[in-house]
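A, B, C and D are the chain letters, set down in written order, and residue numbers restart from 1 in every chain.
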Amino acid sequence: MSALPGGIIPALLTPVDSRGDILRDHLVSLLEYTLDCGVSGFYVGGSTGECFLMSVSQRKEVLSIASETVSGRVPLIAHIGAQNVDDSFYLAEEAHALGYSAISAVTPYYYGFSFQEVFSYYQELCQISQLPMVMYFIPALTGRTFTSQEIARLAAIPGLEGIKFTDGDLFKLERLRGQLPDFVIYSGYDELLLPSLSLGVNGAIGSTYNVTAPLVIALWESFREGDLARAGHLQRELNTIIEMLVGNNLYPTLKDLLARRGLGGGLCRRPFLPLTASQKEESARIDTHITRVISSLG
Amino acid sequence: MSALPGGIIPALLTPVDSRGDILRDHLVSLLEYTLDCGVSGFYVGGSTGECFLMSVSQRKEVLSIASETVSGRVPLIAHIGAQNVDDSFYLAEEAHALGYSAISAVTPYYYGFSFQEVFSYYQELCQISQLPMVMYFIPALTGRTFTSQEIARLAAIPGLEGIKFTDGDLFKLERLRGQLPDFVIYSGYDELLLPSLSLGVNGAIGSTYNVTAPLVIALWESFREGDLARAGHLQRELNTIIEMLVGNNLYPTLKDLLARRGLGGGLCRRPFLPLTASQKEESARIDTHITRVISSLG
Amino acid sequence: MSALPGGIIPALLTPVDSRGDILRDHLVSLLEYTLDCGVSGFYVGGSTGECFLMSVSQRKEVLSIASETVSGRVPLIAHIGAQNVDDSFYLAEEAHALGYSAISAVTPYYYGFSFQEVFSYYQELCQISQLPMVMYFIPALTGRTFTSQEIARLAAIPGLEGIKFTDGDLFKLERLRGQLPDFVIYSGYDELLLPSLSLGVNGAIGSTYNVTAPLVIALWESFREGDLARAGHLQRELNTIIEMLVGNNLYPTLKDLLARRGLGGGLCRRPFLPLTASQKEESARIDTHITRVISSLG
Amino acid sequence: MSALPGGIIPALLTPVDSRGDILRDHLVSLLEYTLDCGVSGFYVGGSTGECFLMSVSQRKEVLSIASETVSGRVPLIAHIGAQNVDDSFYLAEEAHALGYSAISAVTPYYYGFSFQEVFSYYQELCQISQLPMVMYFIPALTGRTFTSQEIARLAAIPGLEGIKFTDGDLFKLERLRGQLPDFVIYSGYDELLLPSLSLGVNGAIGSTYNVTAPLVIALWESFREGDLARAGHLQRELNTIIEMLVGNNLYPTLKDLLARRGLGGGLCRRPFLPLTASQKEESARIDTHITRVISSLG
């Protein structure tokens, strides 16, 4: 049985100011808010956290703030993947020192690494770290996919205990689930949570959960209780929200929504741009919509 | 409420001899066998039926044999799509004359038709036919996809009452389900039946159901009864079979499996080739495997 | 040395009336016009000729009109590829009887045929026909590509003497040219004629040559004379025209342009739609533009 | 008239030891060797130089070694693109201080930035730097393409004077060439040099030029002299070499080839792995082959 957490796990946003510096207070507010909503853990410093747009010291700062704030209330997963492997190794050590429950690393991207190179990368990370590893599989952004057989070979690396499966290929998800009953699989596309649950995922890590936690937790619980009609209804509500968010520049809008809730929110690091005036107006509409949906949950 | 059938609907295979001529007796055997298994209807003369590799008179012959054999025991959907629209119109009339419950047409392929051209194509077919139309959406083979908004516009054509949704994009499937509660959606990828059921599809049309009907009907019923654990188990069994089939040249293997059950089976039309000796051996193993899985259903 | 023609070869358009029937007089006018321009041959009944949207008897009619009209003045290549292989065999025989110099067949599409199935398809066609075969390679429309090694294996089939290479992958084109010095390679993307010439193609088959023959022949000759600056200038002019055409529904616009030149032109078969009023206006602008470019050739 | 260099420009490799530290002497040897071959400049610290796998201080070290070694003998282009824009700004300043002739930055990758975000990124870089900018366009690795119209809009940013066009879409290349006669276009796919020259590129930047400089310079000169037959022959030789290299893990093999010529060579940074024994054997064969080809140049 893996020590990795199940349930709904936000991929934590990282609020920054206009210079790109981390806004500690805003980050703390976001953590407290989502903890209050009942999330089961946090995925800290991932894509959604803009890790690739930051310096290593900023990434360490984010890991540190999250671990201090959460202070053991829920398990934390530290994303430590970096193009420069020295950074990955450094952040893996920091995550351990900071009391994280697990580490995670995106599959190496940009260069077309061979499977053997990817395998060695994870093997080395798992060897140096005492924490369980969650591989982060997101072929739409890395440009690199793996077959279910290849993922199964990676899953055999001691310490590689789970996957954040951010892919729309649910046949592949089912094959993994079938082959690897003890492997921890996180659904990574928020819009596919219900069908992924029907295939037996252990949890879900997503960016939109920063602002939709009550809704998605209700979805999760409806599924657990066997109320598929309600789960389907809630997935529908979530997907309508996701369509609105994606149509309005996702990450800056998510932060704008946090600001509207009094949680600070902040900006994104460049090259992301702040919302335009019309995007701000749309964000206000999205905020009203989400509030209405969440308050109707009962 | 649409008159289109729900439930498990095999995409009917068409047995032919080595000259490519239709083997009426084998086709009748296949129909009777799957009817005995309890299927809810048949999708006749589609891709799986090798319609595009046949003459129009052969296509009409297939439609005729199926309607005579089934003789009203279950509803029949006639695939009448053709690159030559004159053929589509002709087959649509034949389907009506033969007592079919519905017609279906693949979205026009090869040429990159504009949405307006596709829209006009369906509009014209729906105008000339009194039967409800099921659009056949299979972007992996046609090379042409449509957004959920575009499909919704097509769904507004009077008479266009359903879609055979043969695509892995379950976000799109969910969006369609949400926007069009009365539209009939058939799951078209057999390996995604369970997640598609979780999103509210009305039925499933698939090629592997020619040889796995008892298994897939049990899956369908488990889902209906709320037994998701069993449904998940059965989807796993089905997907293992699908992997074996796809790895061995799908259509010729399906027919070889029918032959092994005493149903004739026959060959496929060229350019499909008969199974090689080693593919025949693998087919024997698949047959044994499927038989074991089905007999364990209890 | 292959008997296949080199030089500029229009992929012949097929004028039809509003019922989809072939307009013999318009087709004859088009043939005479492009012959006067100095083309080196015709590719008859291909994609551009809307072959896949026609009945077999219409395809035969087109082959017949072209051969009667051209009457040996230039070589003719008959495209005889069809999804129904019986139609391919029939048309191959007709092409031979009508005095065609060569046949051509698109690689089988829609179904995902294995390489062996594609190989057998060409092998059988080459066995039954005494005419040399030009394989028609257009992966963007067929959804099926082949490596240069696979194409070389096909090129070893006795009688398969050339390829219509309609692909943007010029590395693959170069590899073919290097491996198969005696294989006849036709450039199939009109917008890539000059770079394809730099890699040693033997000829070019294209749809826009129906209306740009004087321009493209001048390009060809400039290249032959070593005047790369002029060849580059003419490719630029051609590509600007291609951008205009592709932006306005290619085939219907090409026919409208023929009509504006007094050549009849006609319509396209459904699902193609006639030009809208605004597309007609744009077509008038394109006509003026092409006329100006061609008259400036000197 | 832009100050950007034309001609053959190696995308400089970065030799490192087994810990990933830069091997200054090996880098100097490589620079001197290729200078002796007659290259027209260097592209320093790009993808080929494994910049994304290094720390910022290592990237600065590479820029520094190259500028000290070359010392004005040829122009140098510094690739300063980084996911963290602070690093880009820092390296842009360093490049200026080190006497580079130009900077270059890959289009932002991984995240799906909007065109406006990409535009602002380049605009800001061009504003802070006095050096001309070469945008680095390599959609196969960044997963992000731009239309020729979008590139033209970027080319209108003051200071953005050129593009490293690493894409196989030569229609797009031609459109850019036609629209932007004063824009400096570098061919980025070594295997497409000749067709790109036929379309009027100003130079070529490539990784294989580290080991094939005499061959590719001869190709370039043959083209300049109008000897297309020889240019075609040399492109063929180059492409055969490229096929061998790409089939054997490109970057580690290039370094192994340098070692075989007594230039040190070194390793690649992780996740790249050292060559296996069989890859070493193949590298020896490639070395023999290249030596033979180059010595036959006369």
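For the reader, a short list of remarks on this structure follows.
We adopt the following convention: contacts are C-beta pairs under 8 Å (C-beta built on N, C-alpha and C of every residue); 3 or more make two chains touch, one makes a residue touch a chain.
A quick map from chain label to UniProt name: A, B, C, D = N-acetylneuraminate lyase.
Just so you know, these numbers come straight off a predicted model, no measurement behind them.
Shared contacts of chain A (N-acetylneuraminate lyase) and chain B (N-acetylneuraminate lyase), meaning chains that touch the two of them, come down to nothing at all.
Per-chain Cα centroids separate chain B (N-acetylneuraminate lyase) from chain D (N-acetylneuraminate lyase) by 51 Å.
Computed from the mean C-alpha positions, the centre of chain A (N-acetylneuraminate lyase) lies at a distance of 35 Å from the centre of chain D (N-acetylneuraminate lyase). Touching of two or more other chains is recorded for no residue of chain A (N-acetylneuraminate lyase).
Chain contact topology: the protein chains form a single closed ring, every chain touching exactly two others. The list of touching chain pairs reads A-B, A-D, B-C, C-D. Residues 20, 47, 52-55, 83-87, 108-114, 116-118, 120-121, 124, 141-143, 249, 269-273 of chain C (N-acetylneuraminate lyase) are the ones that touch chain B (N-acetylneuraminate lyase) when the two sit in their complex.
Within the complex, the chain A (N-acetylneuraminate lyase) residues that touch chain B (N-acetylneuraminate lyase) are 168-171, 174-175, 177-178, 189, 191-192, 194-200, 226, 228, 231-232, 235-236, 239-240, 243.
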